[in-house]
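Once you scroll down, you'll see the structures, which are given as structure tokens.
In what comes next, subunit A is part of two complexes: it sits with subunit B in the first one and with subunit C in the second one.
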Partner chain A sequence: MQAFATPEQAFHEALKAKGGVDLGTSIMACRFNGGVVCGSDSRTSTGSYVANRITDKLTQLTPNIYVCRSGSSADTQILSDYVRYFLEMHSLELDNRCSVYTAAHMLGDLAYQYKEQMQTSFLVAGVDSTGPHIFCVPLGSPVIEEPWSIGGSGSSYIYGHCDATYRENMTQDECIQFVTNALSLAMQRDGSSGGVIRLAVMTNDFKVERRLITDPPSFSRASTACKTARRRLGLLSPPALSPSLVFLPRFPLFVVSAPGRAARSP
Partner chain B sequence: MDAPITRTLEPINTGTSVVGITYKDGVLIASDTLVSYGSLSRFRSIQRLVSIGPCLIGASGDYSDFQHITDLLTQKVDEASFHQDGFQYTAPELFEYLCRVMYERRSKVNPYWNRVVMAGSKQGKPFLGCVDLYGTHYASPTVATGYGEQLAQPILRKEWHPDMSLEEAHALLEKCMRVLLYRDCYTINKVQFARIGLDGQTTIEPPAPLTGTRWEAPLTITLP
Partner chain C sequence: MSHGLGSGYDLSAGTYSQDGRVFQVEYAAKAVENSGNAIGIRGRDCVVLGVDKPRVSEMLVRAAPKNATLSQNIGMTSAGLVADCRTLANWCREECRSYKNQYHTEIPVRVLSERLSLEMQEHTTTSYYRPYGATVILGGFDEDHTKPQLFMVEPSGKSFGYRACSCGMNQSPARTELEKLDLPNLGAEEAVMTVARILHQIHDESKNLAFELELSWACAATGFRHVPVPPELLARAEEAAKRFLEERDHA
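After this line comes the complex of A and B, so read on.
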């Protein structure tokens, strides 16, 4: 059990051993023919305790760019805060939106500078005047552009699934389904990922939509057998009324000032 | 060349919490059906509650050691029946045997890396005991292992009262399993209940997902 498949896992175990609050995580971003979808689970773990089961790991850097955070909670939060501030200043100077390339490299440069002290792994996803982009800024802080990318401790378990399932030029719905299914599979297998699935959909017309999936799809045939058995035993309670997909209203988010610290979840 | 290590150094395939409670007509215990391999939820349909002769046991910790313990206890029960003199061990007697075994292994610094819950009946009253890898053992109306000790035991102690009905006990254990599902990393949403009556009759229910989990909070907390 001491050999790990990926550096992500090894780093994750090392961070846990140190006792840090750690985003044991599954994060993902994927491009489609009209924008990008990024998604994450909602679990923050300290060792084997779930410190926060409703974490929001999708952080907005600019109205058109999100970053998915994994690694040490503290390190990723502070770097995101700095980069959000720098990008705001930069866009005021440009008098225009920032490019995803700029955001990714700003984050990558900071992370690279503090490589020894910090443990961060990011996916920067967004839309700019040249279209949708995803940049991966993993441990070690290279900046690598990819059409889709996964990260966090749970990502190790879904490389095969994603490699087999990804197609270019998906529609928005297909892409959302791809991200949801992949994250759900990762959350099922990775003990450090769980909770709900959070999504952010950014389209080429610079609109952002946040979604929440409280009952991720389950891929076990055994689970349907359980339900039948339970029903036969008369142990099933009345069906829960919560909707499986919650749509927040679509509206363009043009944030002029950076959100205050009070808005940050603990 | 160094001699090979011939003792358990660390648990590898592990099960998480088992919770148990006595009620009016017996004992009810519950666990999830997961055996983890580190942080990987590797085996998701494992029955961690086992019926052996007059008792029902469940354990957290290393799964291979648990399998060995069930073998040991099954042997003990079978040995008694070989004599064909009508004598059978009772749950407290098997529990005492198990405690001695756990302590012996601890003394050789080669423990069964488990915390075992044993349920049965003792002189017409429900019996629920717990023994860990050191051999520390006790009997109590409520027991919990693993994260259950920290999260479920306070709830159980607060809400247990003598002469609970099966439905009350079931609801209370469900509540505990829900808390454990929220706050223990290495659980899954598939739990199994098992009960043993005062006559020794065991019922192990099929595994089923927990209902009533609540996720409204994320609706209100979304970073901009």
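After this line comes the complex of A and C, so read on.
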């Protein structure tokens, strides 16, 4: 066993060996004709180990601005916490909603300041007095406005899909479908993305709706087969069935026995 | 120490008088009342700032500028101790810069006026500061360019938004004139003419001091930037003001 001078050193060595707690991620944001939708998968991994399968990678910075986080989990959490605090003070002084541009730049400035120590990549999405906006703040901290944007390790699998599918002036439902489909595709191909899809829908009347999609649509044959198996095990809710089939028993995954029962049985 | 109620309580801004006043602050306001006049008006889609600069010496080539541009869209004019005014102008410029650096948007005029008023109020609370002997008028546009903004900050730290405001030696007669105006319908050029007229009108003829007029504005014609009024328009406005005074004297 290697001896470490301090507990901190031991922790850092362990982290280095595991590669840190990362948001191997698929995140996405897209504008529609009356607002903006952002979404993410829910997997947080430490190397190949899934540290959390129901992570919320969408963080609310102000009532009208969300940020999708990717990169190091700790780094992005601390930066978005700081920015949330700064923006709250800012909007109190403004006596108004602060702009998405300000939020994005604030994240960018902090990420740039600590670029030697941090690994962060953000999508900032929200609605302000000038309408819906999406800003991409990737690794080197440029701030780029885009009509739609994807990020995280899963994004490289779906650039083609998004380029081919995106249309201007989508309706809210079309946009939600676009984001859901794209994220599902990324989550199926990317090993470090997965779990459920989390969405935040912000509309021009400054309303915010969170959605959870526990059963993302599947597209490939392999994933369909995998899904069928999981459904049989009771991990997924059943698809819409005809009434006569609804009451069929489903197999439980684990049989939980009461303690002591096994000892009593012959 | 002199005699009478309240005497001896005016030596520091950190001391109240027995009836609850801070004399140092009132002296600062006096300093403003001993100086030239400054006027700001907010018209339909414009802000005009004007100040009269007494010609202190016949040998002076030209008085130093008194209106200052603080950020692209915000200007200020002031009355009081000239050196204090300049210090405050630089303080405001610094504040505009740091705001933009932090938030990547131009500072709204209201926010600047609130921050300036905090700075000035701070100088009324402690014995090791002297209150600023200056009243500052801030005018301009916010980044969305929708509405002209005008604020005045006094030595006590009081700050209010105005349609039109005045400070300096003849602030009361100036206010009387300003109250007669139909401000919401005043166009930019018309506002320049008005400010020039009022500054000439309230000038104390009996003291027979020569003075120089300085006007600056922000409006659609200037791209909402705060800039000095062009010399040609300034000359025209002064001419019209003098003509107005002559006609008034004849009548």
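Operating definition for what follows: the second predicted complex is superposed on the first by the 202 of 266 C-alpha atoms of A that agree within 3 Å, B and C clash if a C-alpha of one lies under 4 Å from a C-alpha of the other, contacts with A are read in each partner's own complex, and residues count from 1 in each chain.
One rule holds in what follows: a residue touches a chain if its C-beta (ideal position, glycine included) is under 8 Å from a C-beta of that chain, and two chains touch if they have at least 3 such contacts.
Please read these numbers as outputs of a predicted model, since none were measured by experiment.
A.B. asks: Applying the touch criterion given at the start, work out whether A:T76 contacts subunit B, subunit C, both or neither, answering first, second, both or neither.
C.D. replies: neither
A.B. asks: What's your read, subunit B or subunit C touching more residues of subunit A?
C.D. replies: Touching more residues of subunit A than the other partner does is B.
A.B. asks: A:H90 in the overlay: touching subunit B, subunit C, both, or neither? Say first, second, both or neither.
C.D. replies: The second partner, subunit C, only.
A.B. asks: Going by the contact rule set out at the top, does A:S99 touch subunit B (first), subunit C (second), both, or neither?
C.D. replies: In the superposed model, A:S99 contacts subunit C only, not subunit B.
A.B. asks: Okay, in this complex, where on subunit C does subunit A touch?
C.D. replies: Of all residues in subunit C, those touching subunit A are 102-105, 108, 111, 114, 144.
A.B. asks: Flag every residue of subunit B that touches subunit A in the complex, lowest number first.
C.D. replies: 12, 36-42, 44-45, 147, 182-186, 188, 190, 205-209, 211-212, 215-219, 221-224
A.B. asks: List the residues on subunit A that touch subunit C in their complex, please.
C.D. replies: Residue positions touching the partner: 90, 93-94, 98-99, 101-102, 105-106, 129.
A.B. asks: Report the residues of subunit A in contact with subunit B in the complex, numbered from low to high.
C.D. replies: Listed in rising order, the residues of subunit A that touch subunit B are 1, 12-13, 24, 42-43, 45, 47-50, 53-54, 56, 58-60, 153, 157, 188-192, 194-196, 198, 210, 212, 214, 220, 222-223, 226-227, 229-230, 233, 235-237, 240, 242, 246, 248, 253, 255, 259, 263-265.
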